[in-house]
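Each of the two complexes below includes chain A, the first together with chain B, the second together with chain C.
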Partner chain A sequence: MNRKYNEAKVFDRQNKQYIDSKLYFGISSKNIDDYEQLWIPMFYSEKKEVQDRLTVEDAHWNWRKKVLLCEGILAYGTYALEADNKTQGMMITETVMHQSKLQSTESLIYIEFIASAPWNRSYLVPHPKYKGVGMVLLSQAIGESFENGYEGRIGLHSLPGAETFYKNLGMIDCGFDNHKQLNYFELPIDKASELIKEFST
Partner chain B sequence: MNKKTMTLNLSSDEMTVLDELATQKGVNKTVILKQALRLYQAIQIRMQNGEKVFVEDKKNEKSELILL
Partner chain C sequence: MFKLNPSIRWYDKYVKGDEKPEDISAGAFFIPVRFLEDNVDEDVEQEVKILKYSFSILMNKLRISKNLSLEQLSQKIEVDFMELFQIEKDPLFKPHLRTIWQLAEFYKIPYKALAQVAGAINTNEKLKEDLVKYAAKSSSFEKLTKEEKKQLDEIVKIIKEFGKS
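Showing the complex of A and B:
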C-alpha cells in the first residue's frame, strides 16, 4: 500500500549537510520493527554509560501497543519520520479532545507521544546522527493545528529531560499537572507562526 | 490516503450552524464536519468502554454528557 508522506530535511551532523527524509502519515510495521530491533537495544546497551547523567525516560514506551490503541480512531494522528531507510522519529497526536490552557475557549493539537531515535540523542551517544527530527515532527503538529483552525496551538506533557528543548522553542511552561505527574507545555499562536516561518526557510 | 465523496443534505438551520462554525474557526465546512466526526467517535469509544464524559460549568459543577 502506498503511504502518504511529506518531504522534509534533517541535518546530518556527521557529514554536515541536510539530507532528504520522509514524514509518513501513519506508523507502519516497519517503523515498529525499527523501534523494537534498533531503538530498544540502544536504550538499554547505552543506558549503563549514561545512567549517572540521565535515564532514558521514554525507554518504557511501547510503541506497538500505542499504535494499536490508536488504530481506527479518527481523533489520533500517527507519524513516522524516515531517513537513511531507518525510522528516525515517531509521534502520536490527538486532534479534538484537548483545550488550550492559555486560551481556555480554544482547542489545540495535543501531542500524546513524540520521540527521536536513540542515535540522534546527544545525551545517549557521543556523536548523534541527525538533528531536526523533533522539529520536523512538531512542525507537522503545528501544521495540523492550522488546518484544524486551532491557529497553530499545540500542547504536550514533557518528560523532564526534554523540558529545556520545549522552553527554547518558545513553549510556555503551564506548570505541573498532578494527573500526568509531568509539566504541561503549550505553544502560543504567535510562536507557532514564527516557528513555521523559520522552519520553512 | 483514499478519499471518498458524498452528498450531504442539511436543513437550512443546520447549514447556518455549519456556516457559522466554519466562519468562527476560520476553516471550511469539511474541516468542521471531520472534527465533529472525530469527536463523536472519540466520545462514543470512551462511553462504550464504560467511561463517563462530563461537562464542567464555571462553578466546577459537572453534568454527564449523554450521546445518542
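Showing the complex of A and C:
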C-alpha cells in the first residue's frame, strides 16, 4: 500500500546536521512492530531516573489493538515519522468530536497520542539521537487544524513530564481534567498562526 | 493531508534551537497506574484503606519536616490547597496522579513507589508492612521529635529503595 507522506527533517544530535525523514499519514504494521520490538524494551531500563519518570509500561498491552481501531475510523488521523529506517515518533489525532476549551463554540484537532522514540529522549539514553520529532508531528497537527477550518487549534492531555514542552510552545494550561487524570493543554489561534506563518520565512 | 513544508530557518528555530525539553508524551493512551475501582472485594479494599492512611501520615510528616504549611506547599508545587488538605486529613481521598507526581518530585521520592503508597494496586508486601508499622508509631503533633525524624528518614529510605528495585 502506498502511504501519503510529507518530507521533513530531524536534527541528528551526534553529527550536528539535519537528516531527511518522512512523515507518513497512517501508522503501518512496521511502525507497530518497531514500537513493540524497539521502543518497549527500552522502557524497561534499570536506571533509577528512568523508573521514576516512566509511565508507559502498562500502555503497550492493548496498544496494537487501539491503533488498529483508530486506523479504521475516518475521524482519526494516524501519523508516523520515519528516519534511518526506524519509527522515530507517532501521533494519533481526532478531528470531529472535540470542542475547544478556550473558545467553547469552536472545534479543534485533539491529539489522542503523541510520543517520540525512546532513543530520542535524554532521560532514557545518555546520547539521544534525533531532535525535533515532536515539533514536526505537532506542526502537522496544527496544519491539519487549519485545513479543517479550526484555525490551528489543537488540544491534548500532557503527561506530567512533558508539560514544560507544551507550555514553552505557548499552549495554555487549562488545568487538571478529572476524567483523563492529566492536565489539558490547548494551543490558541494566534500562537498557531505565528508558528505556521514562520514556515515560509 | 496537510502539506508540511517548513523553511530551514523554521527548523533552525523550532527544531535545532536551544536545549528544549524533549519529553513530548501526551494522551490518555498512557494512563499508567490503575487505581482500585468500586467492584473489588472487601479484604483488598481494607488493605488499601490502611495503606492510604499511611500515605496521609507520611505526607503530613514530610511536610512538617520541611517546615512548610499546607498553603506554602500548595504554592511551591502548584497543587490545589484543598487537595493537599484532603490527602493529609482524609485517608480515603484519591489523589490525582499529577499531584502524586508533583509531590514525588518535591520530596525526591521515586514516582512509581509513591503512586503505589498512595493506594494503587500491586503494592509490594514488604513495603506495605513497613508503612503500616510506620503509621502505627506516628503521633499527630505538628512538630517532629528527634525519634520521629529518624523514623521518617527510615521509611523514606525504604520507599526509595523500593523505587530502585
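By definition in this document, the second predicted complex is superposed on the first by the 180 of 201 C-alpha atoms of A that agree within 3 Å, B and C clash if a C-alpha of one lies under 4 Å from a C-alpha of the other, contacts with A are read in each partner's own complex, and residues count from 1 in each chain.
In this section, a residue touches a chain if its C-beta (ideal position, glycine included) is under 8 Å from a C-beta of that chain, and two chains touch if they have at least 3 such contacts.
All of these numbers come straight from a predicted model, not from anything done at the bench.
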Sharing chain A, do chain B and chain C clash or fit in the superposition?
fit
Could you look at A:192 and tell me whether it touches chain B, chain C, both or neither (first, second, both, neither)?
neither
On the A-aligned overlay, A:75 touches which partner chain: chain B = first, chain C = second, or both, or neither?
first
Partner chain in contact with A:90 - chain B first, chain C second, else both or neither:
neither
Mind working out whether A:162 is in touch with chain B, chain C, both or neither, as first, second, both or neither?
second
Could you work out the angle between chain B and chain C as seen from chain A, using CA centres and rounding to the nearest 10 degrees?
110
Between chain B and chain C, whom does A:149 touch in the aligned arrangement: first, second, both, or neither?
first
Return first, second, both or neither, reflecting whether A:23 touches chain B, chain C, both chains, or no partner chain.
second
Of the two partner chains, chain B (first) and chain C (second), which one does A:4 touch, if any: first, second, both, or neither?
both
In the superposition, chain B vs chain C on chain A residues touched
C
Which holds for A:116: it touches chain B only (first), chain C only (second), both, or neither?
second
For the superposed arrangement, tell me the lowest C-alpha distance between chain B and chain C in Å.
9
In chain A, both chain B and chain C touch residues 4, 25, 147
Note which residues of chain A are touching chain C in the complex, please.
4, 6-11, 18, 23, 25, 48, 51-59, 63, 66, 92, 111-116, 120-123, 128, 131-140, 143-144, 146-147, 156-162, 164-166, 168, 176, 178, 180-183, 185, 195, 198-201
Using the touch definition from the top, list the residues of chain B that touch chain A in their complex.
1, 25-27, 31, 34-35, 37-39, 41-42, 45
Chain A residues touching chain B in their complex are 4, 25, 73-75, 95-97, 147-149, 151
Within their complex, chain C touches chain A through residues 1-11, 13-16, 20-34, 96-98, 101-102, 104, 110-112, 163-164
